[in-house]
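Pasting a structure here, questions to come.
Per-chain numbering from 1; labels A, B and C assigned in written order.
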């Protein structure tokens, strides 16, 4: 996250120097700053993994949008047809995420993916309780949550 | 943008408003009603978006932005009220 | 021309998802499942409508505002859903009778407001 702050500072400096405050110019400054930080500053400790972060974020956004649309369509089918195919359940998922920030982001993303809704975190922060709409295969649900968590942590850490 | 697209959008959004209103009246519990109210708040953001299209006034988007930011505060407030001594079965 | 067509498609599909959210709020059998419908379909619907607005105006100021609106909705919708869902569950809103499983039941202490984690052998998919 520290590298991101530096990148934003560089983008703001670019906007200040060029003297044109528009979002397009800010994006240009951000991209330039990213190129500098990712390739010219590779030897500095903070920025070694920064080059691979942005492609990861882009891939994650793509993955997330696809997931969002696909599972929305599944819920849509269930809402529109007269019979209910839901098999709802409340399950507990073990958390790898440790800090408040990680747990918050993960819980929000889980809530946004249709079919799962995060309810609460246990007081010792080891388990996240979820409401699942389709518990056809519990192993598969656990696996998909774990996959999402791995992707999120890969970006945050 | 063709006029019939705007018309269909308004019809769909209004139908959603009616559905949310039915849920608001029927309940049966307080959290159900809060969910319906929240849906209405995000519907208002959608209405403002479509109205900005019809009127070609971009200033309406500022209103939508503020609404999007504050709409969830009511829900959080209700949640705290529920957990701190609302009725157990209303 | 192509802009107008694209914007129409986005706005219409956004409105369709909003309608779906409304239908879900009305038709789903219990509180938690109604929230599944309203938060996700609602957030996706607003997002699509706003993308349509951005395509229609094609202006950097509008695009910035649209991005801010979508970001705010994506940030706040799950928080509100979590708050209401949690409150509803612990206040004791009746759940659908066809629930398959409930691992949260009985783990919450109303006096101390602590929530226990399940015993080790019950959870699956650990590390």
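We take it that a residue touches a chain if its C-beta (ideal position, glycine included) is under 8 Å from a C-beta of that chain, and two chains touch if they have at least 3 such contacts.
It should be emphasised that the depicted structure is a prediction, and the values quoted were computed from it without experimental measurement.
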item	value
Pairwise touch network: line, ring, star, complete, or other	line
Innermost chain, taking as reference the mean of every protein Cα atom displayed	C
Inter-centroid spacing, chain C versus chain B (mean Cα positions, whole Å)	13
Inter-chain centre distance, chain A versus chain C - centres from mean C-alpha coordinates, in Å	15
Chain centre separation (chain A, chain B; CA means) in Å	26
Touching two or more other chains - residue numbers and ranges from chain C	23, 35, 43, 61, 77, 79, 86
Chain B-facing residues of chain C, complex	4, 7-8, 11-12, 14-16, 18-19, 21-23, 25-26, 31, 34-35, 38, 42-43, 45-46, 49-50, 52-53, 56-57, 59, 61-62, 65-66, 68-69, 72-73, 76-77, 79-80, 83-84, 86-88, 90-94
Residue numbers on chain C that touch chain A, as the complex places them	17, 20, 23-24, 27-30, 32-33, 35-37, 39-41, 43-44, 60-61, 63-64, 74-75, 77-79, 81-82, 85-86, 89, 95-96, 98-105, 107, 114-118, 122-127
Of all residues in chain A, those that touch chain C in their complex	22-24, 68-69, 71-72, 75-76, 79-80, 84, 86-94, 96, 107-109, 111-115, 117-124, 126-127, 129, 131, 133, 135, 138-139, 142-143, 145-146
Interfacial residue positions of chain B with respect to chain C in the complex	1-2, 5, 8-9, 12-13, 15-20, 22-23, 29, 31-32, 34-36, 38-39, 42-43, 45-46, 49-50, 52-53, 58, 61-62, 64-65, 68-69, 71-72, 75-76, 78-80, 82-83, 86, 88-89
